[in-house]
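Here subunit A shows up in two complexes: once beside subunit B, once beside subunit C.
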Partner chain A sequence: MTAVMEAPVTVAAASTATRRQAMLALTRFEAVRMLRHPITVAAFLLYLGPWVWSLTGPGADRYPVLPSVVVSLQMGAMLLLGGATLVVVNLAVLRERRHRTDAVSDLLVLPPHWRTGAFLLAILAPAALTLLVVCAQVVILAVLPGRAGQVDVFDVAIPAAIVAVLGAAGALLGQLVRSPIVAPLTAVLFAAAGFVAIASVATGTTWGRLLPVLPDDLPIPLPSVLLDRPSGRHLVYLAGVAAVLVVLGLFRSGTRARVALPALAAALAVAVAGGAAQLVRDDAVLAARVTTNDNPAPVQTCEVRDGVTYCAFDDFTAWIPAWEGVLRDVVRLAPPGAAGSPPLAVRQWVWSDGFPVFGGTFGPEETAARAQAQRATDKAAGTPEAIPVGTMWGDDATAAAFASGVAFRLVMGRAVAGDTTLCGARGALLVWLAGQANSRTAAGLRQLDSQSSGSLALMDFTIDNGLYVDDRDAAVGLAMLDRPAAEIAPLVTAHWSELTSPQTSIEQVASLFGVPVGPAPDPAFVNVGCVR
Partner chain B sequence: MTLTSATDVAVRADGVVLRYGHTTALDGVSLSLGAGVTGLLGPNGAGKTTLLRVIATAVRPDAGDVSAFGHDALRGPGRLEVRRRLGYLPQDPGFHRSFTAFEFVDYVAILKELTNRSARHAEVRRVLALVGLDAVRTKRIRALSGGMRQRVALAAALVGDPALLILDEPTVGLDPEQRMRFRELFADLAEDRAVLLSTHQTEDVMSLCRTVVVLDQGRVRFTGTPTDLAGLAAGRVWTSDSRVPGALASWRTGSGAYRHVGDPPPSAPLLDPTIEDGYLTLVDLRATEAQR
Partner chain C sequence: MTAHAGSVRGQSPPPRRWSATVAVAGAVAVPVVRAARWTPVLAALLVGYAMVGVPAVVSGPSDPAMVVLLLRLAVLCAGLGVGFLFDDAGRPTTETSPTPAWLPLALRVAGGGILLAGWWWGTLVTAGEAAAGLLPRGDLTLEAVTGVMVVLAVAALIWRRSARGGVGLTAAPAFLTVVFLVALLPDRVALLVPLDDSVWAAAHDRWTLTLVVAAAVAVVAATWSGVERARFRI
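This part shows the complex of A and B:
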């Protein structure tokens, strides 16, 4: 049967707008929704909250090493901002299916691959916001008077690239799998991979660089001249990976093969080239690390302040005033002339070669050889017996470790080098001198004491020497800290010779200062490594 | 959308056949639509929604042709041209519940390639006002009642001022007042565009439609005016004081008398048939034919 009914009808002209304009309009719409999405907002708050707290809360880090901070920002960006973008983009791509609006949306004019293009372009919004936030973070850190290190502009761009990669992954997942569960699981997978990348430093390989974050190859802050961070090549790699994901997403949603395949080949070429290039180690930097590990002087700047010479890596000189403050505080209550000769000096060291990433230890011969090399370097550089300091600063424990190094110099008349254990009166005196300097060193000593077992380890693990005080002796020094400095200091001055003598026992010290001393240890467990 | 040209026939379907496996959903359907509301009636499973989806370019038939505004609606760029002129309200429209009413319609407008932001927003406000949702346009859809959501879906169908409106049971779930408003709106809209309305509401068909098509088992069983459809039951509707077992349908009215549709006994007092009576008669005739 045929039904026929005809009457005049007015026909509207087709829209003259181009698809590109429609795609851009949709991009704007989706970008706003992505930025306003509760997951995105929560991720940015979670990302920024702890960071703001670390700047403003108690124990705020005023001495950031910028390259190290950037790595942590990259990790945070991947875990929170990238993960959120992945999920939000995936939800946007799956929106029509999840809400069963496809009956209508499938009939709307803009073709699916143009819509996918809009989703992908919209990812630029969270990526741009990430870039903005990270730039702001770096600028804020860079204007801190105590900041050290230099920031590579490519490193700053990497978090945004990570967000773009994960966003593109979210879009592709939405094309491949209709379940919204897959995206959060993938975000968790990326998070786990990030930790693997960071941990890959222990393997001594560079494979971790194939993951979105660019991990450091040593777990300690390094001067810029010793950094092997191929940030630019990593950025190219991320751009290539993002492009691959973008092209696959577009292809999956209907872009023609004759357009998609050449684009895919080009994107793959960029990803492979960037990925391979970043795996190559910088031999010049590796050689510089070996040289600097034994002799940092050529890449350092020295300043003389109040008669004390401070030598720091060129991009760490901002820490000199802080070192000076601690040194002055330690010396303040020591008897005049305790420093003796040669004049006091401080030199920054970094364990840039042979750092025990596997937790290995060195034998006594190696330790002695390193101590000898340190002394030779200091002497040759005109700062004999310089107090060593590492490439970490800002927390109580590090301040305590440095103060202990200063105290060692005062007590022993030489700089700590290699592994050194101080016993008896000298151990207690060192602990008191270091702890009385200021509240931070006192707190740092107690923190280190709570973490130590057998002997108080006054270590800065960024340099390859260690200073230890037997627990029993350290306890006397800590007990002295509980007494008013005005009572202890005159006694220290008056009995300086006895207190710095290896023959003075800890019982004598306890008696002198009226503090308790622990029971004498079993002779079998007496520390035989005490320095004489 | 600017009105620029006119044509006599908005949509023409010719010999449309669509099968789902062994089931023939549409069996050689042909029809033409012009301006005004065309009602599509039929029992459940008659193929109404399938026919609407074919005309709306959502489904490609196994055989036959469909054209709209001179464009091939089944393939090639013509399909896109048809979509540019189409407003489609499905039977069970989904919603992005976290969107506001404005955002939802705006989103649809973008996908309809309305790209000028200020013009598009003006258009979105226009259609929301048209369906009476201007006051709640910033409310999230999840906070709207079922009737309001239906109006949001209608606004989305209307955005861009489409020349062809396909409405699949748009008044289901609406209260009488809302249905009246929808009728008013459809009547206004149909003045210069083709509206294809699938419904089970015979009152809607009677009050709105210029033409009615009855579809059953994938075939067009009737085409004509609502009056013509009602006329099929002329002389077959009568009243009595008691139930008549042989009648097609028989029910007691509010006045206490019984109303019957079927073959009346001699000298039974006849009543004016309604479109519903005509529809029942048509379906019965088809069943009788099938038995033969």
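This part shows the complex of A and C:
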């Protein structure tokens, strides 16, 4: 009798071990199949290809702001790697049904929920590959000499968690709806939600954080002291969501309710707690954004190079040599001593409060107040009339905008502040200085010219300043750029005081340099905003 | 029967008679349309409509540029479903029938085309009401037709190689890959341009070209039976 009682126990023990072995064998098999599935391979190629091109192609961005780049990597991971894993896992779960072999599988040693467990474990393979790839990307970016910002370890782990969540969703969908159309449609829905979340940033809503990605709440790069990114809490939320999906999948395929329901409750608790915790805004950071918008000096590091003071946010100091290069290239074109006093300075600004989203309106009062705040900050910090520069760098247009800021300082003797429109000889001279500095600023100037209408807008959209040059005067400056620099540069140096005088008309400039000038506008349409 | 007798006597086979093809088409139209896999197509069209319809209800009038993006996502959803029109579980049994293989396929695609046209009309009307401004309906329809035609071309290429009739399964991810590649196109040859962009008109010339190429690929892939091999004759 005892022998009969004991026998099933030993069989059961052996069978659990066998089942575990069989499950792990199936996991290995499915993991390899998932990794070498054509969709996975295509997704990783599509994910990495453009990124490699952005680093090595012409006009490559060598000055990444790490937190911003990590967000775009998360978005790409959700769209491509997550979407691919969703479809691949779904296809794997549906494979037996597709080939009408599900009845055969029921004869095997593994009960359905163990098989589901194997599929779910296999998702760790694409997730691990994602972690590896994203880590490699971040390391490559972090060793670039021009990188700015600090990277959060949790942010690097989020793409892998996204892949795990979407993979678990694919497995669950395969068990709920036995149609292969559901997985690609779900992937597209996630893409749409991601676009909406990115488009709705800066409206003050935080619901986008409930998506697998953790979007930024301002569409411009911010220094790390102003970042409100609860990446750790978001990772907990993703882990909770993945656990919920896993438990639901196991429950659906036959795990006993006695085990599944407590596990589901625990997973739901983690997901809800993490999801709720990440929605809480960090009030200290929001307050810091308001004060830093008006006075960034307390959180900046200043460096004097070659008699010029450069003040940058603590984690953006790697950009100072690049700014210095452009500044030198512009100063070289002006006669010695053109800067006058006070000595040249550069200060980084960030539009961290009141960034315009979807048609914000700004009157001249706000602009004037803004200019006043900028002057006060610069004066108090000991760098009066500092040239403003924003939190983006590395592309041609930004270089051209900064070069024109430097040129404005040289031509006008003061820094750009608020909205400023420059006309006449000084406008043409500014355009020439900005475009002649180096090849990047030249390319950027042409780009800004093709984007603007009415006036040439020399804007860096990460700062709350606008520098415009009247189109007719800008056209003369652009025509001067088409002439050989060896002819124009000596004339500019020789006639500097004339060219920087508000009395000099654009016709005089055109005849001095022998370039055409457009007909004078109707007095009714003349640009009234010109700065004196 | 007479044609068969003709080949027996060693004469050249009579020219294909289009009236016979039409008669066959009429006979098989209803069974073919009934046998097609409509569930994935309908699911895709439903989700596609929701892409435009849900934001229209939830957020009221929105930026036309945003509506254009949503319409493109709707076409993407519809495209994922269109490939399933090619699914034909009975393919191994119909391969030996004298009807050309493209004929039932063309009938199914035509049925799907009617459904898609109605869906697009409804989606466009909803989008027009949701947009705070005029939408370029003609250009957007061109994009939609081209998108569907690209799916048809991709699906027809897969269909040629599929012995057992499972096409949509492969066509859907393949179409997603094509869309990602198109989204990566450099500005010079971009297709998915934002609404009020200066290159909108030029981009739509490229859409027309894409439509022509995709239609040609679809037709050739569906009808061309390879280099004629020497037929075995009695």
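The rule we apply is simple: the second predicted complex is superposed on the first by the 514 of 532 C-alpha atoms of A that agree within 3 Å, B and C clash if a C-alpha of one lies under 4 Å from a C-alpha of the other, contacts with A are read in each partner's own complex, and residues count from 1 in each chain.
Criterion: a residue touches a chain if its C-beta (ideal position, glycine included) is under 8 Å from a C-beta of that chain, and two chains touch if they have at least 3 such contacts.
In this text the structure is predicted, and so the values were computed from the model without any measurement.
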Which partner, subunit B or subunit C, touches more subunit A residues = B
Identify the partner contact of A:Leu176: answer first if only subunit B is touched, second if only subunit C is, both if each is, neither if none is.
-> neither
If you stack the two complexes on chain A, which partner ends up touching A:Arg19: first (subunit B), second (subunit C), both, or neither?
-> first
Given the touch rule stated above, what does A:Arg100 touch, subunit B (first), subunit C (second), both, or neither?
-> first
Partner chain(s) touched by A:Val109 [first = subunit B, second = subunit C, both, neither] | first
Which superposed partner A:Ala520 touches (first subunit B, second subunit C, both, neither) | neither
Contact residues common to both interfaces of subunit A (with subunit B and with subunit C) = none
In their shared complex, at which residues does subunit A touch subunit C?
-> 39, 42, 46, 49-50, 79-80, 83-84, 87, 91, 98, 179-182, 184-185, 187-189, 191-192, 195-196, 199, 358
Within the complex, which stretch of subunit C touches subunit A?
-> 39-40, 43-44, 47, 51, 55, 63, 66, 69-70, 73, 76-77, 80-81, 84, 166, 168-169, 172-173, 176-177, 180-181, 184
Can you check the complex and tell me which residues of subunit A touch subunit B?
-> 1-15, 17-19, 21-22, 24-26, 28-29, 95, 99-110, 115
Subunit B residues touching subunit A - in the complex, by the definition given at the top | 1-10, 30-36, 38, 56-58, 69, 80-81, 83-86, 88-90, 92-97, 106-108, 110-117, 120, 153, 156-157, 160-163, 192-194, 210-211, 213, 219-221, 223
